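As written, the chain order gives the labels A, B and C, with residue 1 at the start of each chain.
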Amino acid sequence: MPPSEPVATSAAVPLRQPLHLISCASVLLVLSACGEDHGASFRDELGLAADEDGLRAPPSRIHAPPELESLATGQLGPDGEPLRAACVTCHSIPGLAPELELRAEDVGPPHEGIDFQHGPNGCAHCHDPEDRLSLRLADGRSIPMTDAIELCAQCHGPQYRDFRRGSHGGMRGSWDAERGVRERNHCVDCHDAHRPAYPHFTPMPPPADRFAPAGHE
Amino acid sequence: MESEEGSALGASMPPASGGHEVTYPRFLWRILSRATDGPPLFYAWMTALTAVALVGAHAWATQTNEGLGLTGMGDHVSWGLYIANFTFAVGLAAGGVMMVVPAYLYHDEEMHDVVIIGELLAVAALVMALAFVVVDLGRPDRFWHLMPLIGRFNWPISMLTWDVLVLNGYLVLNLHICGYLLYMRYLRRKPNPRWYVPFVLVSIVWAVSVHTVTAFLYSGLGGRPFWNSALLAPRFLVSAFVTGPAFIILTLRVLRQATGLALPGGPVRTLVNVMRITVLVNLFMVLSEVFTEFYTGGSHVAAARYLYFGVDGHAALVPWIWTAIALNVGGAIILLTPALSKRPHVLEAAMVMVFVGVWIEKGMGLIIPGFVPSTLHELVEYIPTRTEWMVTAGVWALGLLVFTVALKAAAPILRDAARAAQIRREHEES
Amino acid sequence: MTQSTTSRRRVLKAAGATLGAAAFARAVSPVIDFASEISAGEFFQKHYKELSPEEMAVVLRRLEDETQERYGAEVTIRDIRPRENTQFGYALNLSICIGCRRCAEACHVENNHDRATHQSYIRVLELRQGSIDMEHGDATYEHAVPRAGHFYMPVQCQQCDNPPCVHVCPVEATWKEDDGIVVVDYNWCIGCRYCEAACPYHARRFNWHAPEIPAEEINPDQAYLSNRVRPQGVMEKCTFCLHRTREGRMPACLEACPTGARVFGNLLDPSSEIRWVLANKRVFVLKEELGTRPRFFYFFDE
């Protein structure tokens, strides 16, 4: 699946140097994924919280989970792969689902049966009531569904900070920024947005040690 | 002039005049061929030992070919029966010094006459110790890696390199002393003190170092709290001074029975006196360890708890250690009760008791608990396999073969000792 | 004694000696089989640190041929040296490790471990919350994870700065490299297992048998000091996947971790993630009182 655009790395920005800050912000503006002018301030506020001293998140490609852009149909397509319907297919039709439901149980097909356990939140806490393709931040701004990490980060700051600093969330690739990039898991890859508690795993088999049986010859 | 048959010790001796023509290598060859002569009982003994040694050799060869997986060891308990016996054998070698000290430092004449037995025991026990190390190696074909200057020798940091040096050095030392004395006796020449007395004095210190270094192998490991005790080296030495004299006393008894030689009785009395002290000190040291472990408690005591009482149903070593304690205590009681220790058969039983008791306590009762529980506090038990028992028996047989051959070679000296004892007795009577 | 008695005795002795020699040869024949499989090149091979680049190239070709012969797999074995200005460090987040053992499994596959014993350098302990006393730990759990009231601690070689295993090796078959990784020369090790006794972290593994791996499962991208197929009778241990990490890639265990509990990097790089963890999280090491100075750090988020 195609990687999403690279996360703009926030360069070291000693806040005392305005020139540096302005040029960095411009770079971030240019590279920011969404069209709205909130990218620089968002990343500055959250990304630099603990690291004024030259730390930057290494070049990473964050995986784009299909759940943010499409819905599983349960059927197989002509290529034998599971068929998914893009959100925009239905939600570009004006007037479709005019009211945002209050509770997950009230959602009708094709989204019925959402298992919701995400604290005291309701649908409107995250979803933009006007636009099903968007999410709504706490300050009222709308962001595309594909920018969901920003939404997660506004409440789960410590985890987001750890995610940027590499101590939360799976990664693959290079530890050395000079020799390669790395691929990061998106929040939604592990945490279902409606039921984010990390699932239980069946562990891999335990070690088969050479315990001393009664002779093994 | 003794005949070839009849005397277990005897073969014909060279005439006094032609002695100086026999070179040292030729003398060694004569010893070996002399070792193949004897009464039927001797042949039975040597054949049995050879058979056991061959069984052990085959088991070891199979183990080398197919891997140490044929043993009961694993990544949790990675040393077992072989290293347990190695530790014990080093102690036995060091214990020979308990004859040397009275003989050379205290000028005990009777002891001086038979001291060669202790030195030959050291040789045989060292051969066993080195053999136990070799059979425990995963890659004995890479033995040359261990040689100084040829391989890479991590001296002085690795205690194992110290052990290689002191064990081989002690072996060479005793081979020289015994070889020189036996050679001189064969040539009927008076040995020159300059060629052996300094080496003997060095061997006294070296014997202590041999067992101290072996103890340091274990006691220096911070990750193994059961071994990481300052008392380990003293314990090793004291228990060596129990088993060495015990084995020597048994040897003297066996020699007396088998050869009919009237060896002097003084050495046995001296050794019994030595053992009266060492067996008590050994028990005291065990008590000291046990107190420190159990009174302190915490996870530090886990290995000791496993050894003495078992943990969570794992109790494989419990019968062993309590048997060892019973044997050591019983042997001590016999030694300290003159009425009992005076009686030869009871004394011999006591010797066997403390010998086996220390073998258990110092071998399986020391090495295995060092690994149980593991460094990640996992409880994995160890039971030796048939392969290990066969190889161990084979190495013991090898040691006894070497010892028997050596004693045979020392026959003239022992006969001198018997004669000297007889003369002393006649002097006292007159 | 008569002449004939002596000569009869001599004949009997000679017969006995011959019989004994034959029996001995028969008894030790497995060792002859074992020795015959060792080439002269292998027997006389010098220590890793003494091999010139040309000699090393010869050794690597020989090892590749041997792997082809014994396992039927085409492999590439390289000698990958440490990079300058690199000191590896590894941290593990105990708050998010769920004990799924995918790291142990990835190690098993990446490092060409014996299949029968399902060997791995990583051992995951399930511990009760409230205490890191490993005496109540369990490495053999099989239930769904994470289990309520418990947390998980994977343990592997700590690549100590003061490594007891290196101190005790009598032949210098194991040593600490310039980038901090403690390595083993599998062709120099004599298998005495003193290092295994000395290691306080159960990090060392011994090849009690020759490893058995199907040809198609062998990872062909190998290095001399890390994941080449090891011979019988020698020690081995985690090498922080030096065949990957020295080329900038992450260790296999880290890539397999689904939660991202593992953090790896260069301690000399102030902007590295490992440095951030050490500066900003409550970090501890195992058995610190032993003075081993591990390079493997554990931390909690809260």
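To be clear about the criterion, contacts are C-beta pairs under 8 Å (C-beta built on N, C-alpha and C of every residue); 3 or more make two chains touch, one makes a residue touch a chain.
Note that the coordinates shown come from a computational prediction; the quantities given were computed from them, not determined experimentally.
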Arrangement of touching chains [line / ring / star / complete / other]: complete
Interface with the most contact pairs, given as the two chains involved: B-C
Between chain B and chain A, distance of the C-alpha-averaged centres to the nearest whole Å: 71
Geometric centre distance via CA averages, chain C-chain A, whole Å: 38
Where chain B touches two or more other chains at once, by residue number: 69, 73-76
Contacts with two or more other chains, residues of chain C listed in rising order: 123, 139, 208
Two or more partner chains touched - positions in chain A: 209-210
Residues of chain B defined as touching chain C within the complex: 3-5, 36, 50, 54-55, 57-58, 60-62, 64-69, 71, 73-76, 78-79, 133, 136-143, 145-146, 151-154, 157-161, 164, 217, 221-224, 299, 302, 370-371, 373-378
Residue ranges of chain C in contact with chain B within the complex: 1, 13, 16, 20, 23-24, 26-35, 38, 43, 47, 123, 125, 133-137, 139, 155, 164, 167-173, 188-194, 196-202, 204-210, 232-235, 287, 290-292
Residue ranges of chain A touching chain B (in the complex, touch as defined): 209-217
Interface residues, chain B side, partner chain A - complex: 69-70, 72-77, 380-383, 385-387
Of all residues in chain C, those that touch chain A in their complex: 91, 93, 96, 98-102, 104-105, 116-120, 123-124, 139-146, 208, 245, 247-250, 254-255, 257-261, 263-266, 270-273, 276-277, 280-281, 299, 301
